[in-house]
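Next up: the structures, one after another.
Look at the two complexes coming up: chain A is in both, with chain B in one and chain C in the other.
The block that comes next holds the complex of A and B.
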């Protein structure tokens, strides 16, 4: 959604519409997290009146999908790939292998045991 | 090597013995040995300088290095701990052993000169992380490659250290931090009873400093949720529901 997208490019990694989208989702989630948590708290708080809680439920479902944490997906820094990402390095498995063999990742070496 | 070259060091050593007699050597033994050498070389034992002997550069300037510099070639010195109460645990982590060993040595020497009794370095268990990735495309899953990263750890413990001195030591290590080495310190301080009140008083001034550090650490609670709940409950949409 273009309303969440930054007007100026604010990414330093591999640029791709998918990476830009993922980045704007992350920012939207971070921005709306207190609101989301507050609504969740109201929904779960049994001391509040039922109508208030129902209203909170409605509001939570009406929030934009970009503000959901489940929308965020790890993407490769070097290729923008969305699958086979090693979380420790934020890289896809192939890019990780290339970088590790070149010795660009500190401490990582070929293992044999 | 030619013959004169070979015997020169030996002759040199013997000459030195003649020049300055060791106190604990047997007199008879020394005299017989010196006689035999002099006979072989056909030189009187009187003058220390031989005819075709070059002066040894090592002997000319026999000024020793300063003790602090000499100590660098030896094992690090340590202070004695009187009570053995631990005051700081410093953990050093690195992927490479030489760097780690070097910096441990440095830290222990620094502790000595600050008057802190340091113990260690204790090698802690290695942390081994392994990753297995296919070498090629999805369908060639049979051929994979293993990668690993081993983190080496060392522990240096300071006992009986004054908290301020320990802080100075840590700051010194941070200032001269070596590349590729992570440091983590646990510090224990002993205070009077009812320290809680004093800490509560200091909380406000410390808040800013702590917040800066804590920002980088993981938090399981979202900041500002409480304010948001109050704001929502007071808002127009929720007011008519109560």
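The block that comes next holds the complex of A and C.
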């Protein structure tokens, strides 16, 4: 959603709408995380009255979907791809292979025995 | 094993909790404290993509107050190209200041 998007482009990697979207989702989640955790705490706390907990549940489900951590997806920094990402290198498998063969990733070399 | 009454065990537990400053919760009631113990993941998640580095244009803007000159080859090329195009009369038209006159499309 455009309301979560930064007014000025603040990404230094490969840019397409999917990476911009994912970035704004990440920022929205970081901003609303304390609120979400507080609601989650109220919901899990069985010593609180049932009505409060039900209200917290409703409030949590009413929050914007961009503030959910499950919306966040790892994306390739070099191509913006969303599948086949090596999380340690933040790269898709093909880009990782190319970079590794070129020797751009320290400590990675092709296995051979 | 000698049977120890439950009350005594609970007392022991209470004292243990006092000493080690933990919550005394003999019935195992869910208080949701595990949510409070979790660390916030937001800052690390938000740092996934690298921030935008400085470009020549931003550097130019930064250095302007100190009267430092920057060489912006791309911008120079663009200005050169524009000058060439304009000299041949092929440049883009000037932006209109007034709203275009309404054209009736009725047939």
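Here is the rule we use: the second predicted complex is superposed on the first by the 113 of 113 C-alpha atoms of A that agree within 3 Å, B and C clash if a C-alpha of one lies under 4 Å from a C-alpha of the other, contacts with A are read in each partner's own complex, and residues count from 1 in each chain.
We take it that contacts are C-beta pairs under 8 Å (C-beta built on N, C-alpha and C of every residue); 3 or more make two chains touch, one makes a residue touch a chain.
Note that the coordinates shown come from a computational prediction; the quantities given were computed from them, not determined experimentally.
*Asks:* So, does A:108 touch the first partner chain B, the second partner chain C, both, or neither?
*Replies:* After superposition on chain A, A:108 lies in contact with chain B alone.
*Asks:* Taking the superposition on A as described, I'd like to know which of chain B and chain C A:5 touches: first, second, both or neither.
*Replies:* The answer is neither, since A:5 touches no partner chain.
*Asks:* Tell me which partner A:18 touches in the superposition: chain B (first), chain C (second), both or neither.
*Replies:* Touch status of A:18: no partner.
*Asks:* So, A:69: does it touch chain B (first), chain C (second), both, or neither?
*Replies:* A:69 contacts chain C only, not chain B.
*Asks:* I'd like to know which partner A:42 touches here: chain B for first, chain C for second, both or neither.
*Replies:* both
*Asks:* Contacts for A:33 in the overlay, against chain B (first) and chain C (second): which applies, first, second, both or neither?
*Replies:* both
*Asks:* Between chain B (first) and chain C (second), which, if any, makes contact with A:90: first, second, both or neither?
*Replies:* Second partner only, chain C.
*Asks:* Determine where on chain A the residues touched by chain B overlap those touched by chain C, and list them.
*Replies:* 33-34, 37, 41-42
*Asks:* Considering the complex alone, what residue numbers of chain C touch chain A?
*Replies:* My answer: residues 29-32, 34-36, 38, 40-43, 45-46, 48-53.
*Asks:* Report the residues of chain A in contact with chain C in the complex, numbered from low to high.
*Replies:* Per the stated touch rule, the residues are 9-13, 19, 22-23, 26-27, 29-31, 33-34, 37, 40-47, 69, 72, 74, 77, 90.
*Asks:* Flag every residue of chain A that touches chain B in the complex, lowest number first.
*Replies:* Its residues touching chain B are 33-35, 37-39, 41-42, 49, 51-52, 54-56, 59, 86, 88, 93-94, 96-97, 100, 105-112.
*Asks:* Note which residues of chain B are touching chain A in the complex, please.
*Replies:* 95-96, 129-131, 133-135, 145-151, 180, 222-225, 227-229, 231-233, 237-238, 241-242
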